[in-house]
């Protein structure tokens, strides 16, 4: 990556970058090392770089796992990273937003996500990262969804653009976001700092997701989602000596869970709800005075998502009342459905067709998961701009979010080539 | 019963009376024929008789099954009963309250209940009423709890007192109450008309309840109870075409039922709750917009009863809210725990001991059911008077509330003797 | 309808027929009068007619409401219909299957449904049948889904074909089925008698369903469905006197209902489940020993339907066991998803385009309900033939299954014209 | 406690012993230091002492918290205790059973319990142990139920008996049991080693429990109890991507919890059930594949306890089946109702009356908790011997099982005096 401006020619560098990120996976909002490398790279390639509270507003974040973030910060310190920079990112977040090109006017923007997953990577010798020595060195953390590749592609795109000097007709903005998994508010917090102002074209990308190496999709449908934690506060009492004095938070949580799963179908589309966690009580002999549930739901229309949101609120309130306890509901994650631009999809398709290595350019793919990137795409659509969520096919080993997940690294160069070409095409419009 | 004033000597008359009532059982608040005979008998024996709205305030009643009452009124008309009297009782209730003795001053009162049960009497020849031709002639109705015997005893007591002319030192009041079963408010409605004013001693009695012929108990513990109907009003919708528009009253009722049964134990005593009826919905393809439950609960302390009352209200409100429906809760029956007087129990015991045929005089018996008579006993205790619920043992065939129930008619004379003796003893105090 | 063979020219006859059926709606399996008229009409027009047990196997039917059927039979007798014919249909069912053309070889078949709904028709003067005197004369029954029109179209098609004498190159079979609503097994019972043997092309049709007058759809997607009744057998006991002896069927049914509604989403498609009826218990003071639920479910894939079927069985068994009761599950209705033929759809489209009055010919419409006709379409697909469910647009007043439902009678002639043309086209293939 | 044989005269020693045990509370089955001191004391006072596997059969124990036991063993090692002895007790349990007197023949036995509670002791200066420097030095552990006093009384009794040399006419057996709290099987495991053979009189004692200093009760009614843990094994799946593949252990546990709390009243007595713990799932996005509940129940009759046991088993099996998961139920604690001897109570009462400091000797007290000592009392009754659970009144500060619990140390000498006197009286019989 020493040489600038040769999109597609730097496959080796892309692979090296990706493998480096793969070795050092970091949790959501704990991407200190990753963001540090990204910021440095972008600075060195002539971008105007914003980090921490310049790039995002942590107050707009729904949820952050403080203990994991603190652990990750210690690891970054131990790895020799600058303590002042870590401090800034601890307070202001681990986003990096960088511009190149004109200081004003319309913007073409790309989003890349940097966080890893709480998964212990396989050390089976059939797993390439293990066999070739670039498996995760951070216990219990793994890039098992390809975000390491996304960051590499983002830097490859940066390198490609850097070589174009002052010739860029529009500003190009690269957004490296933390904490995509769990949709905990990172995208909303970046939007909140104004990073979508003047954005005319907004693209996100993801590797794999069912498409083989060589194929791409111009747009992708993700689901709308919300995640909540709910605390139930009742009252403890001895279960044989004074049962009537207890206010049973466990039964409130249990009833709520059953009722939440009883939210029925919607004739306009698809929805799924899951109470994934229930924790209540400490002892067989004590009426449980405290309980917590965590739940998520998904829908293929924002209206259906909102219908579920209303029912969830009603069920939690009613269940708490039924058992004489108090419930507090906390948002810990959300992402919308985002409309995607046919105009932009056509540009992407036109750029893709005929590219070396490209085997198929689909218009759409559908996915039964949610993506924080939809926050950016919904915002750009809302402002009258164009958005698309591009899938860059990659022959995946293992499945997404499993210990033996691995991408086909040949996809990286193809990704950089496609994004560079689309970017330049849009600048020329 | 033509001759007055010979307590205990009129066994044949008591049996005839009892068998007549047994042949013509009437439902709660539909005791037209029974009350008519009682009122007439009391008038002829020199009592000052109040009926209908003079005797009770129907506005204080919780519940009345109008269709059964109307059917019973038709039957009474067909039986040749005076229509005007039936009209009065339809409007004002079927209670009869009658005094004898001084026009003012303290009162000794007795309560007898007149209603039958919605049970089809056995016509097996091993069942005495069937074998001897005095089984119920009213389909689906039966004196299966001995109230026919209670009325006979009450009239026997009246006859005994009638012979004493002006010698009575205190007023004696006989209360013939309708609708004891289901504790639907008849006793409260009689109290509401002032019939407990100046009552110093109040006694109820019941045949059987586990005591053999010859035994009596001076006092009995019944349970506090309440019964409610709850209507849930939601919204119907087609279950595949537009499920999201429904508000599911069936699930509200089902959740409420489970939560109601989850009302736990109370360390101060015993309680039981039952949702006995749930009716919801009309079709598999329609989200049920209407549901009804009926429930009862019982406790051996008024405080526990009140604790359950609070929880029931909370559960119904919360369950309705959970499912987005509206609930309306209607009281349909209740009876309290009543303290009973040791002083009065001693008088009863002293009178009982040595009576011909008496084999045992217990202080207390306990019962896991409720009794509307407790309303009178609670009221007299509240006013500083003395109350007792006397059990007159009777060898029971079948069980209470079963089609082959039958009392031992020898108990009737013993009951009249005991009550007469106690009454005279109290008048002499 | 006196003259044969002039498709589309007999609008007045079609309207008269439809209005006659509209005045005399009959319940599922109680279509005595309707089937009698249909059979007579077809005989008079030269069809080889099978009725009752020749046309269907009642043993294959899931459910029949005997009291409604008996009531309908009485009505037919009172209307002067032949008693022997009614007897045959009572025993063997109310289907009519009639052939015209060659005695062997491939068959082109059409299905028409005859049953009405348990709805009380509006007598508002804004409701055309009321205003013009052809509203339902059978209380609580109404043609509120257009089946009266379907029968009229079927007879119109019969009249059109009758004029063609011996020139028909293939057998044409008209199937008039009872009891489409509730998918109670009528179609399966007709298939069971061999009526789908040699069928190469199978068409069903429906009026309205969202399409306006003038529009048609060549194919329609309905949902797979099943309906069940479940009886829970527990044990009664007195709820305060001996609660421990009861086995609570009400709570089993309530738990089952909640768990059934907790059957979650399926990622391959859409499903909806509804427990539409729950009836349990008789008295507040008795632990309920009996309960019944009725439920239906719908899915847009047969595999999802089967997944729900498995879960339903598991939930009912487990819920019964939880409460110590016994459950019996009875199938009362079902219908599958049926693949529909693109080849046949093209023929229909080609025939439709250019027809007088036709404004639009869609390939597909989707519907969130189930249709018993799918049984025929699934069978023909299974045998390698072609099936299509045609929608004949009609401006609907009120909604389907509401008291003010009404079709636009102009659709009837268009329907006859289209089906006749398609039929002749297929015969010529 | 240096001098032997002077019952009641060694108050200071009793207080010193109690305060020493109070400073070093140990968890159930982790009473290494306590049992070591007890065994040593008894040896030095001439008892024949059995420990570890001689005293109890760990295989008969229902449950042991291995991590707390290991932690306690480390603490004992750090405190300088003999490692070999700790090893023996780790393997064989922490019971101490010691005899004095004849080597054969009938036995008079006493039970004392040694375990502390998982409670952090108050360090408020109003709390005597904190003010006087003998509060718990083991974080999160506290003698908050008086077992420290029980052990002191047991040793006081031992000292008293030791002075009597060879004059004892019957064997006296002192049983120091571990793990009374939670009734995890320690008593059963001690019985299993034959320690109740030939026992004619068996006594347990407890301080406080509502009786003031100076009062005693000869007998006490505790409840029957069982405690279970239940693991539900289902299957995980992604809640939006493949919800149908999950088998939801959380909902199984939630349903089971609601149904368990729906176990109704029993007319023969009192019962209470509590699901005190529910833990299920790890993530909002994963259908929970694992869940655990812990529950306890209590009844005032063994028959009611057994009725609940049957219902619990049924509910767990049925709930697991409902949700397609597998449940495993593990017993973690139990204790029976034990009949208590009127004969023995009379002896106790006779001994108590007139003792210095004694203010009241009640026959019975009732308690809404369970006691592992009932295992011994049930066994002795079963063998035709006599048992009694003596309460030694003590003015309690704070409540039992609270951080500010404290006994009135004056009760200790009274306890030793009473038990010594009763013991000598029984030996003389």
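As written, the chain order gives the labels A, B, C and D, with residue 1 at the start of each chain.
Definition applied: a contact is a pair of C-beta atoms (placed from the backbone, for glycine too) under 8 Å apart; a residue touches a chain by one contact, two chains touch by 3 or more.
It should be emphasised that the depicted structure is a prediction, and the values quoted were computed from it without experimental measurement.
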| item | value |
| --- | --- |
| B-C against A-C, pair bridged by the larger set of C-beta contacts | B-C |
| Furthest chain, CA centroid comparison against subunit D | C |
| Centre-of-Cα separation between subunit C and subunit A, whole angstrom | 49 |
| Rounded Å distance between subunit B and subunit C, as computed from the means of their C-alpha atoms | 53 |
| Numbers and ranges of subunit D residues touching at least 2 other chains | 240-243, 248, 251, 255, 258-259, 261-262, 264-265, 267, 272-274, 287, 368 |
| Complex interface listing, subunit D residues touching subunit C | 240-244, 246, 248, 251, 255-256, 258-259, 262, 264-268, 287, 307, 311, 314-315, 317-324 |
| List of subunit D residues in touch with subunit A within their complex | 182, 223, 225, 227, 238-243, 248, 250-251, 253-255, 257-258, 261, 272-288, 291, 294-296, 298, 332-333, 368-370, 401 |
| Subunit A-touching residues of subunit C, taken from the complex the two chains share | 258-259, 261-262, 264-265, 267, 269-274, 368 |
